[in-house]
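Each of the two complexes below includes chain A, the first together with chain B, the second together with chain C.
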Partner chain A sequence: MNDTSAQPTRRIPITGYFARIFTGFVSLLKGLKITFHYLSHPSTVVTQQYPENRATLKMAERLRAQLTMIHDDNGYHKCTACHICEQACPNASIHVAERAKPALSKTELDTFIWRLDSCTFCNLCVMVCPFQVLQMKSTFESSVYDQRLLIYNLSRYAGPTSTVLAKQADDEARKNAVEPRSVYDGPTALNGFFLAGIPKELLVTLDRKGEV
Partner chain B sequence: MVSSEMASSVLPNSLSHTRAGIHISSLDERILKGQTDSKERADRETTQEYFVNMGPQHPSTHGVLRLVLRMDGETVRDVIPVLGYVHRGMEKKAEYVGYRQQVHFTDRLDYLSAVMGNWAMSSAIEKAMKTELNDRIETIRTIVAELTRIQSHQLWWGVLGMDLGAFTPFLYGFRDREKITAIFEETMGGRLTMNYIQPGGLMFDIHPDFVANVKKFISYFKPLIEEYEELFGGNVIVQERLKNVGILDAKSAISLGVTGPILRASGVAHDLRKLEPYGVYAKTKFNVPVGTVGDCWDRYQVRMQEMRESISIIEQLIDNVPEGKHMVMKFGAKIRVPEGVYYSQMETARGIFGIFIASDGSEKPYRMHFRTPNFNNLWAITQMAAGGRVGDLVAILSSIDIVVPDIDR
Partner chain C sequence: MFNSLPNLQVSWEVISVSQRVSTTYGESPILAVVYALAAIVAIILFMSLTAMTLVYTERKVAAHFQCRLGPMRVGWHGILQSIADTLKLLLKEDIVPDQADKAMHLFAPVLCVLAALLALIAIPFSPYLAVSDMNIGVLFISAVSGLGVLGILLGGWSSNNKWSLLGAMRAGAQIISYELSATLSILVVVMFSGSMKFSEIVQSQDQGWWIWRAPVVGLVAFLIFLVASTAEINRTPFDLAEGESELTAGFHTEYSGMRFAFFFLAEYLNLFIVSSMGATLFLGGWMPLHIGNLTFFNQVMDLIPPGLWFALKVSGFIFLSMWFRWTFPRLRVDQLMKLEWKVLLPIGFINLLLAAILTLSGFYFFPGNS
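The block that comes next holds the complex of A and B.
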């Protein structure tokens, strides 16, 4: 009543039994030599002490971690709300909302909604944009405590493009043509205010208006 | 006869389908009819068979793969893979997504050969569009594909070590893979899912430091392959656990549709890079490593040799990257592919990755099919593992080097 009869025929031969023990031991020591080499040479350490090295950490320029909309020095962008990025997005992570009553041009961008939670970082929106409005940045620390905070509005104002605004007479006219938008504005579950479980004060601190 | 009743009751009916020419329930039927061969009957009279689930959550199944094992003591009698735990309906999904967006799907099949997947999809679309590519695009594609092959084999080497109970190779493999990942990050902007090779060219031109960094990596990694051999391959315990384990002969390897290093380890010198050269492989000189026995040790040797060959291919190409544009097609949101049927295949790190497109002339494919290498390679386990031990099964599974999202897709 034993199951040894079903064993495959891999039996250790008696001949060379001690020689096998010896060669096994030698091969083990050879491997350990490499391990001890790395142990005794601190220069071979490759571990990075993140987040302690945040100040010196340099990510690759092209690393795709955060979609941003390029705003010029005056804070104006070039987006004409043409929806090409929205069509290129493979899983509808982008939603371009236009203004109901455009002030100066035919269509004006209201909010540019980007869902980080469903984004695949394929970079197609950046590539297809005819006006080079979008950019993938390498700021990768985007974790938040609530999933809903991953739905961003990328535009800082609702209004026409920088080209249209440049034709305006003065700053006063420009100011009247645009309406400020914050990072959590837009027709999503997040209206910038009042979320179950998230106090309003926290939202203000999370508002990365200056960054995104 | 307790065992036979158990066998029929435990095995769900859904598993009783034909699989690679073998009827799964045939063993159970034979048990029920008492038509077992003499050795099996002798075993059964004294021992009781039982079923064990390996996975779906198991560290050595490399993902959510479930293997139903018919066991006799510690001996594996039969292995029945159960799939579908990461099925995402990729092929159906592809019918609703445009051609431009298809490329990033291939990142998510065999993620360790992501660039080759991108290339296969892009070349299928290019074939359909009859796009002529310049030498720069082809050369860069070949270089990054070979880098991908190396990083995939590095990870496999580390994971093989961990599956056999050695933790050190895992860290060393990842340490060296990180160097390639950094190169990829610099040029492609992604570390795992790059979406780099696009229909008509490349998403970006190579980074100005690309050539220097690749050369630096080659000079760094060349001596390390010998270190790998000394640390892991030279170890007698490793050799004992891999030699004559999981033997797959050439005939059954071909009949199972096995491709890649597993097929070559079984003694079949089948490599698409040689047989149907794509990219600039025709201009390069390299050998196709072939095994003799077809066991886990041969598969180990073939992959180690493939890393050396990949390095030699990169060395031949990296000095003379031709000048030219990195994109010859307009990068629009939509691509309209002419009506017809197109197929493109690549030799990835795991075998032949094929893409079949049936186009009706619109911007979305009428039908899309992925011929993934891991799906066929997995079924070889039914032949390899039968008669071995559970410990051998872990080594065999690791030597197949499966990526589960590629199987289920």
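The block that comes next holds the complex of A and C.
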């Protein structure tokens, strides 16, 4: 069918006319067969009955719905506060706040601020991080009634990386080098980072209990 | 000329609603009026219920064709979805564009429904259930359903919107073209059965349906009718009048609320009408399926009431139409015209010629018992 229509100047012989009708007919039947297969096999349905199946809902691994920071079993991360992700972000959705007085390294992460409300989930930050600190998760139920609650702090403590901490003599020394900065620990220090449209006073008292 | 035609076995006593009204009128005029009013209410109820059921079915079937579930929230498996949608359409604000031709804008959807409603008059639902069994039934439906395109053209014109007008013009060109093929294929059956009266056409299929009783030409006519009728009611793959990818919604771009609902109603009524036409002409209408001399089989088939037979055949036809709609991609305008003028019409003419020869020579299947 295609080879004859590609040469418009050539006259189609009468057999070609019927052959085209026939092949067209056959291909239509093939299409009908495929759709009928879908109709007669309800198992091919891909729709999820959310929220009824919320308990058993399985999202695809590759779904990018929330940025998270990987913390190891001891609760330590590998972020060196190098700002590469911050610079890679096309929407300025990331702010890496350094610790004012680093304990062990030259630079140490204080808070890792990520704004879900302006993030496009492009995955660039995850890809550029030299230490594979960031990860996209498929937890998608992020809606809240207040836009400010979409500003997350991803780091659970302020302090050096897990590699530096591992070199410390004992747990006591490690404990002295870090201070908790968790989303579960009350207001997130934003270090004067300006957020468009949100007064600073509000940011300081931002309570994100129960989020993330 | 038609002396080779079979003598119809009048085993079914056909009586239409209009006949009944006129016979009652002789005895008691008031009863006749009540009777007629009841019939009108029944038709209106039937019309809205059919449309609602068809919309729901279409959404469900379409969803499953596309690996989806369709409406699931209102009632069991979304069974009440159409009622909710109807209520929504009824309560919606009636928006008319500022520059529109107000009167025409209102009249267009009404005309569409009117055309569909008029066509419903001649549909033979069962031997005892047809509003009117006129002797030119086939001609009447062909003529009246052509009126619907006027509604579409008016709607597109009065909206004063380029998309609407383009859609309407396309619909006009399309329907006028495809009406030729549809009529040519209908003529084949009219020739074989020797009548334009629906009850006689149905009764002529006592021994077998015209789709196979007329050798080959019946099948070809059926296929042509299938394509042409799908095009006539503007359904995908021939929905160029709407063409949402290039014309937003075509002729009903500027319609919302009740006015849109009327177009929608007309669309689904037309689907029903075309399907009943196809079922009546080619698949025996309300006539039960009879196979040759298998007396026992034929008797079992006779147990199923004719109304149910009609419903089953029409549902089959409608399902086929939905199957097409959710499988085939839309044609381009030039492809559409090519299909009609270069493929369907020539084949239709040759087919009609062959059918004429076959009719005159009395050569078709199962002529013996009739």
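Criterion: the second predicted complex is superposed on the first by the 136 of 212 C-alpha atoms of A that agree within 3 Å, B and C clash if a C-alpha of one lies under 4 Å from a C-alpha of the other, contacts with A are read in each partner's own complex, and residues count from 1 in each chain.
Note that a residue touches a chain if its C-beta (ideal position, glycine included) is under 8 Å from a C-beta of that chain, and two chains touch if they have at least 3 such contacts.
Computed from a predicted model, the values in this text were never measured in an experiment.
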Task: Report for A:I84: first if it touches chain B alone, second if chain C alone, otherwise both or neither.
output: first
Message: Tell me the contact category for A:F36 with respect to chain B and chain C: first, second, both or neither.
response: second
Message: Applying the document's definition of touch, where does A:L28 land relative to chain B and chain C: first, second, both, or neither?
response: both
Query: Touching A:V144 in the superposition: chain B (first), chain C (second), both, neither?
result: neither
- request: Please work out whether A:A92 is in contact with chain B alone, chain C alone, both, or neither, and reply first, second, both or neither.
  value: neither
Query: Counting residues of chain A in contact, which comes out ahead: chain B or chain C?
result: B
- prompt: Should A:Q49 be classified as contacting the first partner (chain B), the second (chain C), both, or neither?
  reply: second
- request: With the two complexes superposed on chain A, say which partner A:R64 touches: chain B (first), chain C (second), both, or neither.
  value: first
- prompt: Now for A:A173: first (chain B), second (chain C), both, or neither, which partner does it touch?
  reply: neither
- request: Determine, under the contact definition given at the top, whether A:N123 touches first (chain B), second (chain C), both, or neither.
  value: first
Message: Residues of chain A that sit at the chain B interface in one complex and at the chain C interface in the other, please.
response: 28, 31, 34-35, 46
Task: Give every residue of chain A touching chain C within the complex, in rising order.
output: 21, 28, 31-32, 34-36, 38-39, 42, 44-47, 49
Message: Which residues of chain A touch chain B once you look at their complex with the stated criterion?
response: 1-3, 5-8, 10, 20, 23-24, 27-28, 30-31, 34-35, 46, 59-64, 84-85, 87-88, 90, 120-124, 127-128, 136
Interface residues, chain B side, partner chain A - complex: 42-43, 46-47, 72-75, 97, 100-101, 103-105, 168, 175, 178, 182, 185-190, 193, 195, 203-204, 207, 227, 230-232, 234-237, 244, 331-334, 387-389
Query: If you look only at chain C, which of its residues touch chain A in the complex?
result: 61, 63-69, 72, 323-324, 326-328, 343
